[in-house]
Amino acid sequence: MSILVSRDSKVIVQGITGREGTFHTESMKKYGTRIVAGVTPGKGGTRIMDIPIFDSMKKAVQTTDADTSIIFVPPRFATDAIFEAADSGITLIVCITEGIPAIDMMKVKKHLKSIGVRLIGPNCPGLITPGECKIGIMPSPIHRPGRVGVVSRSGTLTYEVISQITEVGLGQSTAVGIGGDPIPGTDFVDCLELFQNDPGTDAVVLIGEIGGNSEERAAMFVHDHMSKPVIGFIAGKTAPPGKRMGHAGAIIAGGKGTASEKIKAMESAGVHVVSRLSEVGKTLLRSLDH
Amino acid sequence: MSILVSRDSKVIVQGITGREGTFHTESMKKYGTRIVAGVTPGKGGTRIMDIPIFDSMKKAVQTTDADTSIIFVPPRFATDAIFEAADSGITLIVCITEGIPAIDMMKVKKHLKSIGVRLIGPNCPGLITPGECKIGIMPSPIHRPGRVGVVSRSGTLTYEVISQITEVGLGQSTAVGIGGDPIPGTDFVDCLELFQNDPGTDAVVLIGEIGGNSEERAAMFVHDHMSKPVIGFIAGKTAPPGKRMGHAGAIIAGGKGTASEKIKAMESAGVHVVSRLSEVGKTLLRSLDH
Amino acid sequence: MKIHEYQAKNLMKQFGIPVMDSRVAESMDDGIAIVQDMFDSGIKRMFIKAQIHAGGRGKAGGIAEIRSMDDAVKALNRILGMRLVNNQTGPEGKIVHKVMIVEADRAIVQELYAGIILDREHELPLLLVSAKGGVDIEELAVKHPEAILRQSIDPWLGLMDFQARNLAVDLGLTGKTVDFAIRTFTGMYHMFMNLDCSQIEINPLAIDPDSNMFALDAKVALDESAFFKHPELKLLHDPLEESPLEIWAAKNKLNYVKLDGEIGCMVNGAGLAMATMDTINHFRGKPANFLDVGGGANTETITEAFKILLSDNSVRAVLINIFGGIVRCDRVAEGIIRAAQDSAIDRPLVIRLAGTNAAQGMDLLRRSGLSLETACCLDEAAERVVALANEGVNR
Amino acid sequence: MKIHEYQAKNLMKQFGIPVMDSRVAESMDDGIAIVQDMFDSGIKRMFIKAQIHAGGRGKAGGIAEIRSMDDAVKALNRILGMRLVNNQTGPEGKIVHKVMIVEADRAIVQELYAGIILDREHELPLLLVSAKGGVDIEELAVKHPEAILRQSIDPWLGLMDFQARNLAVDLGLTGKTVDFAIRTFTGMYHMFMNLDCSQIEINPLAIDPDSNMFALDAKVALDESAFFKHPELKLLHDPLEESPLEIWAAKNKLNYVKLDGEIGCMVNGAGLAMATMDTINHFRGKPANFLDVGGGANTETITEAFKILLSDNSVRAVLINIFGGIVRCDRVAEGIIRAAQDSAIDRPLVIRLAGTNAAQGMDLLRRSGLSLETACCLDEAAERVVALANEGVNR
């Protein structure tokens, strides 16, 4: 079992003819993901890696009956690509693109919520259900099918954690990179709820960082609604206030969003907070022993 | 029985200190309507006709627990007044003001729909449940409690029809003036549905006019959902195309919205269409004899 | 409120919609100077287009092609001041007071249609486009509805690029013309929303051999209710486009529309005014006008309304139909009496009052000594006014 | 991206927010000329305000009141070029390159606060106002949260007049100050949305004895991701406000933030970079920087990153932590080797590679003959780099 995506997911790649789009399409296809179409306006009717290309999402969805899309278009066009996907009948959109204005995301999210379409990202590595389907840009080999759910605002940090999970002999049910932007399409709470309800997930690893209060809200959810063990890690304990640490969302603004607040909230909600990155795997093993 | 308003309606007058607002507040009060507050920004804390005035709808509703508001403010401020009413917890807004831009109304209506607040008007005479409550500017004496529902896009034309209904010995359950604008807050179909479900209404008189296709949609509703007799009248058989006949919505545009189309649609839906204004009362009586 | 083609194009330019530069002349001299100037700047071909609020100007002789000064003089002579008549102007036609002079050197390989209206049924702006431009869109809608593509626009989201692009692709456009189309459609939408338009139409929307796109003609109507937001748009009003009576009425806040019958009507309320016209028609009369004196029918408004009605020479008899509600009929009667005394009423007058204090009002009228008739109901009043109008003719 | 007060006020003016006219000087001469000009025009009192991206300028001596040319010369002398240090600038402070000169004749009877931020929890713009302006809002939020009024704004509807008015009334304002407040709040909202701001703050928002309202100070931050929509806003960037290293890094698309420690870090990925800093800290080292070399860590980016790290004299040792995913570690190792050969690496270097082809990468490094250490895991790497940095000090 898994959340959000599985071997049945039928995926369209928006921006398939771009450098990134082509590169990762090949990798996803190799992993076994059912890439059924690509969309690049003006290139409809052609093919790439034997995948048919369409001018619009509407035509692509009508022809292929896809349910998921992954977006690789540049930031200037990414908002429109999300709206187009949402309008086409797709139910899950994964946006890899970094650099979408926050105010645009606010509008996107309000709209998607009103029509019941889910967005993962933007500025995220995507998500993977190991052994079934990869809809993202993460390195495939570090993953292994298993029963640990992973949800993270980060990229390589997540790979690091996933490697540890795999190294201690466990695997992942689904790993979701929700992205580092201030307004993510899907947040920790959404994923925690899905993992809690997923019979294929025994424990969840949550990788947060400074900025915003989504970890605090996640903590509240864990406290109120979760029976499965949750292992947490927060990056940025040494980050200074007022400085953006790479991710658009990773900033301590107005004295809010510090790592210590988040750690405190999570600990009091019963999350197993790991203080050092290298300890995640071991802590996870211990939590599953209980 | 009645629809939308009754002796229990608790009404706030927005723009109560204006000339129109004061005049009609007095008339409504005299009719027995429970006017519980007025709102005029900057005049909060004062009283008029012993009615307390507030600076904002929020305060007025919090203090009086009103459920309905009637708006008499000038067009420039009317859209804001509607939004303010909608935000305050009011569930029925009656907007008398004429001259709200159509595009603003489109936005207003989309918002009200999303939050489940009903608007009557704008550019309408309001509505009345004879003997119980008048929330509008119609002359009180022509009405009589009874079992005929009236819904109309017009003002004096409606009074004419109501007089006829009263003269033939019947009365009105509720009479609703939905207003003459292109985008009315509440349309014929909404009212027909309410009348169909109202045990206090035996028949409905629908007074339409040229422009738009709300009468055609009403006809479809009558055909599909109504068991009570509906008497229809359409004004503007002699109106030329392309000219606005007073009401912002009364215009035959692009060859659409003619009286003959509407009459045809209504007749084939089983509505008793009256060809001459003077015949409405008699036709109503006949339809009730069946 | 309708505006002229040249005004519409100036507004379009502000919203990034591609239009050809054009200039306006109100006199021969100006026109000749402009044409000379344009020839001097290297332009070889232009159009002179009558600026009136009506379509179908080409067929009615309101558009001329110019390749020489000689052409220009002839065309200006013919069009400036002409009475242009077609089914859109009504039988009385419209006098041409202004012409627009526009470059026409570019060849045109395709003519599209693009328009935005407020869709009253769905209560959303609706963008309509067609690959078959240059023809009457209402006719096209009847004969080839499938040739018109539609895109409803969510006002919260606006017209999104992908929607505009998909329309362009569905129109069969390719390459840079798609980008032009996106710019044009998006510009139209922004103009529609930001200026509170009630209609924008570009027909034809032309494509030249280099795949450029531009508006060849432009029709725009503005929502007068929104002028408080855009006071500058009020200035686009051209009083020469309205009948003097309509302007006079508007000044007095009366809703007046000139019609081509012979029975003047004065009614309070738009719906009742239409129903009154319909009743006159039922008795085989033809209304000379629509006139709504509004809710506050007082002596002043009634006096002005009288003056307007009587200054229309086609009016042979007048029907006043007032339903007294908030306004009491006795007050209205007093107003009518005073107004009738002030005006020299030289045509038959039938009055029907109903509603609040109608009996008192009728009584006042009957005892006024004025030459007028009262009627107990609308049918009687209409029948009588038609008879009086016909008597006048037969006399 | 933060901008200067004078830039913020210029933008505010475009959105109808009332601000006092002000001028900017970058030199003594300019400053004196401006002050003279303002005295000549009848102004009796002004402020000279240091233009740096930090609040708390007044307490730090960055603001001077001017009533004479003598005052002006003294103030300009003192402020232009000063190193302004407070808790907002960091210990290294900021050099003042520009001053703003602004009229200060109007008395002030009340100081309010008004700000808009993007509320990440509710994902809506949030307008914050307080009758207690002129103080630190974060402090106020902690001590008197009830003194801050909040209005979430629906981006589809915008800030509505009634919301702005109700806030104004709740702030205790009356009469025309309410209208000023509506105009100010609405202008702030439009500016926030139309320019893609991440923050707008007016503190204090002043009221004069005639009930006029104007922005006394202004703080604006822009969303750099939205510069493709507003290319003109990019020009507001002041490179003097950033450390030279940060500018250098930005040019090479590296995410670099200078910190006050002694261990240089080079990591791929922002989250991993923070976790690396945290690990260094765990072993009692202090990171000298945050540096994310991004997804495509290649020879060029690594070379540039090296140069940047090494040009920071406070760096005593360097830790490279790369998780190879799509980028294979052997490639990264090759890049490091080439970059290390190109740069003269004069400080200890510890490298930890993990993920795809990590073993091959580590092997390449060890066999490169370069003076560097490899570590099998992050803990070991961090512990080792801290030790090496300390050795350097003790040496």
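Observations
Just so it is clear, A, B, C and D label the chains in written order, and each chain counts residues from 1 on its own.
Here is the rule we use: contacts are C-beta pairs under 8 Å (C-beta built on N, C-alpha and C of every residue); 3 or more make two chains touch, one makes a residue touch a chain.
Here the structure is a predicted model, which means the values were calculated and not measured.
Counting C-beta pairs in contact, the pair that comes out ahead of the other among A-C and A-D is A-D. The greatest centre-to-centre gap from chain B, using C-alpha centroids, is found for D.
One inter-chain figure worth recording: chain A and chain B are separated by 51 Å, centre to centre, where each centre is the mean of the chain's CA atoms. Chain C and chain D have Cα centroids separated by 56 Å. In whole angstrom, the spacing between the mean C-alpha positions of chain A and chain D is 28. Counting partners per residue, chain C has 156 as the residues that reach two or more other chains.
Residues of chain A found to touch two or more other chains are 107.
Interface residues of chain C facing chain A in the complex, by the touch rule stated above, are 156-157, 160-163, 165-166, 169, 174-175, 178. Considering their complex, residues 23, 27, 75-76, 99-104, 106-107, 109-110, 137-139, 141-142, 152-160, 163, 180, 182-183, 207, 209-214, 217, 233, 235-240, 242-250, 253-255, 259, 275-278 of chain B touch chain C. The touching residues of chain B, counted against chain D in their complex, run 41-42, 44, 55-58, 77, 80-81, 83-84, 87, 107, 111.
The touching residues of chain D, when paired with chain A in their complex, are 88, 90, 117-118, 120-121, 123-125, 137-138, 141, 155-156, 192-193, 196, 198-199, 223, 225-226, 228-229, 255, 257, 259, 267-275, 277-282, 286-287, 290, 292, 295, 323-326, 354-356, 377-379.
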